[in-house]
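Look at the two complexes coming up: chain A is in both, with chain B in one and chain C in the other.
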Partner chain A sequence: MSTLHTVNKSAFERNSLESCLSVCKANASVLLIEDAVVSALQNTTISEQISAAANTGVKFFALSEDLRARGLSDRRVMDEVTLVDYAGFVKLTTENDRVQNWL
Partner chain B sequence: MSDTKTFVYINRKAPYGSIYALESLEVVLIGAAFEQDVKLVFMDDGVFQLTNNQDPESIGMKNFSKTYAALGDYDVNQIYIDQQSLEQRGLSLDDLQALVYEDEDDDWAEKSSIHLVNREELSEIIESADVLLNF
Partner chain C sequence: MKFTIQINTGPYTHQASDTAYQFTRAALEAGHEIYRIFFYHDGVNNGTSYSVPPQDDRNLQQLWSDLAEQHSLDMIVCVAAAQRRGIMDEGESAKHGKGSPNIAPGFQISGLGQLIEGGVQSDRLLVFGD
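Right, the complex of A and B next:
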């Protein structure tokens, strides 16, 4: 049994990613969408939190369409974060038992 | 009315996730018609508004980032980027659009509109404002 968490707000501006990570189980998946994709960049004040959670087993994903929209190339994204497209988003929702949206 | 006022626009949100960035740009362009002294500040997630190579077609949005390049033609050429915000996001000026204007007092030489500033300089910019508009 696993949970997919979606986060749509920038971690630089809101605490939704932090709240998400504070309750996230090790087998959970976190999908960054909309403005939250900026949280997936390398060498930021957020990257350490993502690395730490990834080390416990949390899987991270970011929606590639939202990165492209903001001019953020795939190369800038942390190694811990897997890129998915909209079809991948749908697949993640089917692979998990429930979806928690951190609006 | 010939009084010129200093308008400072503070942009602090990433583009596309909310309407703030586009609304700000539209207000700036409308305001530019009134020949006021205009300064734009990009800080916090606002620095993402100026990233190169934006392509929001696949999320069904219009790419308004190209419009920033027109600001110079509207005499909006005082654009301030907060250095700390860039660093916190793993970005540098190279990741942002080069925005320029032609200086009519210097034989129309092309000059950069972009100035990298620290928080101390930002507070001076805010102090210089007659009108502050936040987005």
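Right, the complex of A and C next:
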């Protein structure tokens, strides 16, 4: 059983991403949407935690529309994070057995 | 696959209503079924026909109504949340002695049971909000 976690708040504003990572299983996927896309940027205070979780097998995604809406270039995104569009978002919800929305 | 979508925030709170709308469209385009959309808490503000945003702003209430018409969506507004925020259909406004009903086309007022049933009947329940 795999879980898709969605996080919609910046890791520099709320602790929902950290809470999510603390319960993430190795085969889980984490999708960063809305303000959470800033957590996908390189060299931030949350980057190490994302890398560490990725090393244990957690897959990371970010919604490309929300990055673009915030003027953030794809090149600034961590290598561990895969960009998806809304169609990709839908696909992730179907590929995983359940969805947990962190609000 | 069957989806039920729960929306907890209004069109002018943050981004969640827009995300829910875009997700719903993408799911329909991919051939999935949207079993129900449940508007809860401030999310009921998506369902007022009295909202008149500037012409260069997206009109989310209208977009939902159009999408519901195109795809025969079941869009439910929570009755208790709606009463608090002044979203009424004909029955509710008559019952409470208010003026003209203001629920937007395609939206229906009902209870929390519809959310639970949506969760039971669907393969995935997604929650959008703050």
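One rule holds for everything that comes next: the second predicted complex is superposed on the first by the 103 of 103 C-alpha atoms of A that agree within 3 Å, B and C clash if a C-alpha of one lies under 4 Å from a C-alpha of the other, contacts with A are read in each partner's own complex, and residues count from 1 in each chain.
Simple rule for what comes next: contacts are C-beta pairs under 8 Å (C-beta built on N, C-alpha and C of every residue); 3 or more make two chains touch, one makes a residue touch a chain.
As the structure is a prediction and not an experimental result, all values here were calculated from the model.
Novice: Report for A:S73: first if it touches chain B alone, second if chain C alone, otherwise both or neither.
Specialist: It touches chain B, and chain C stays clear.
Novice: Return first, second, both or neither, reflecting whether A:E65 touches chain B, chain C, both chains, or no partner chain.
Specialist: both
Novice: Considering only the touch criterion stated at the top, classify A:E13 as touching first (chain B), second (chain C), both, or neither.
Specialist: first
Novice: Determine, under the contact definition given at the top, whether A:L41 touches first (chain B), second (chain C), both, or neither.
Specialist: A:L41 sits against chain B, while chain C stays out of touch.
Novice: Give one of first, second, both or neither to describe whether A:K91 is in contact with chain B, with chain C, with both, or with none.
Specialist: So A:K91 only meets chain C here.
Novice: Which chain A residues are contacted by chain C in one complex and by chain B in the other?
Specialist: 8-9, 34-35, 65-66
Novice: In their complex, what parts of chain B are in touch with chain A?
Specialist: Within the complex, chain B touches chain A at residues 12-18, 44-45, 48, 51-56, 58-59, 61, 65, 88-91, 95.
Novice: Give every residue of chain C touching chain A within the complex, in rising order.
Specialist: Listed in rising order, the residues of chain C that touch chain A are 1, 3, 8, 14-16, 19, 22-23, 25-27, 29-30, 32, 124-130.
Novice: Flag every residue of chain A that touches chain C in the complex, lowest number first.
Specialist: 6, 8-9, 33-35, 65-66, 85-87, 89-91, 93-94, 98-99, 101, 103
Novice: Where on chain A does chain B make contact in their complex?
Specialist: 8-10, 12-13, 34-36, 38, 41-45, 47, 65-66, 68-73, 76
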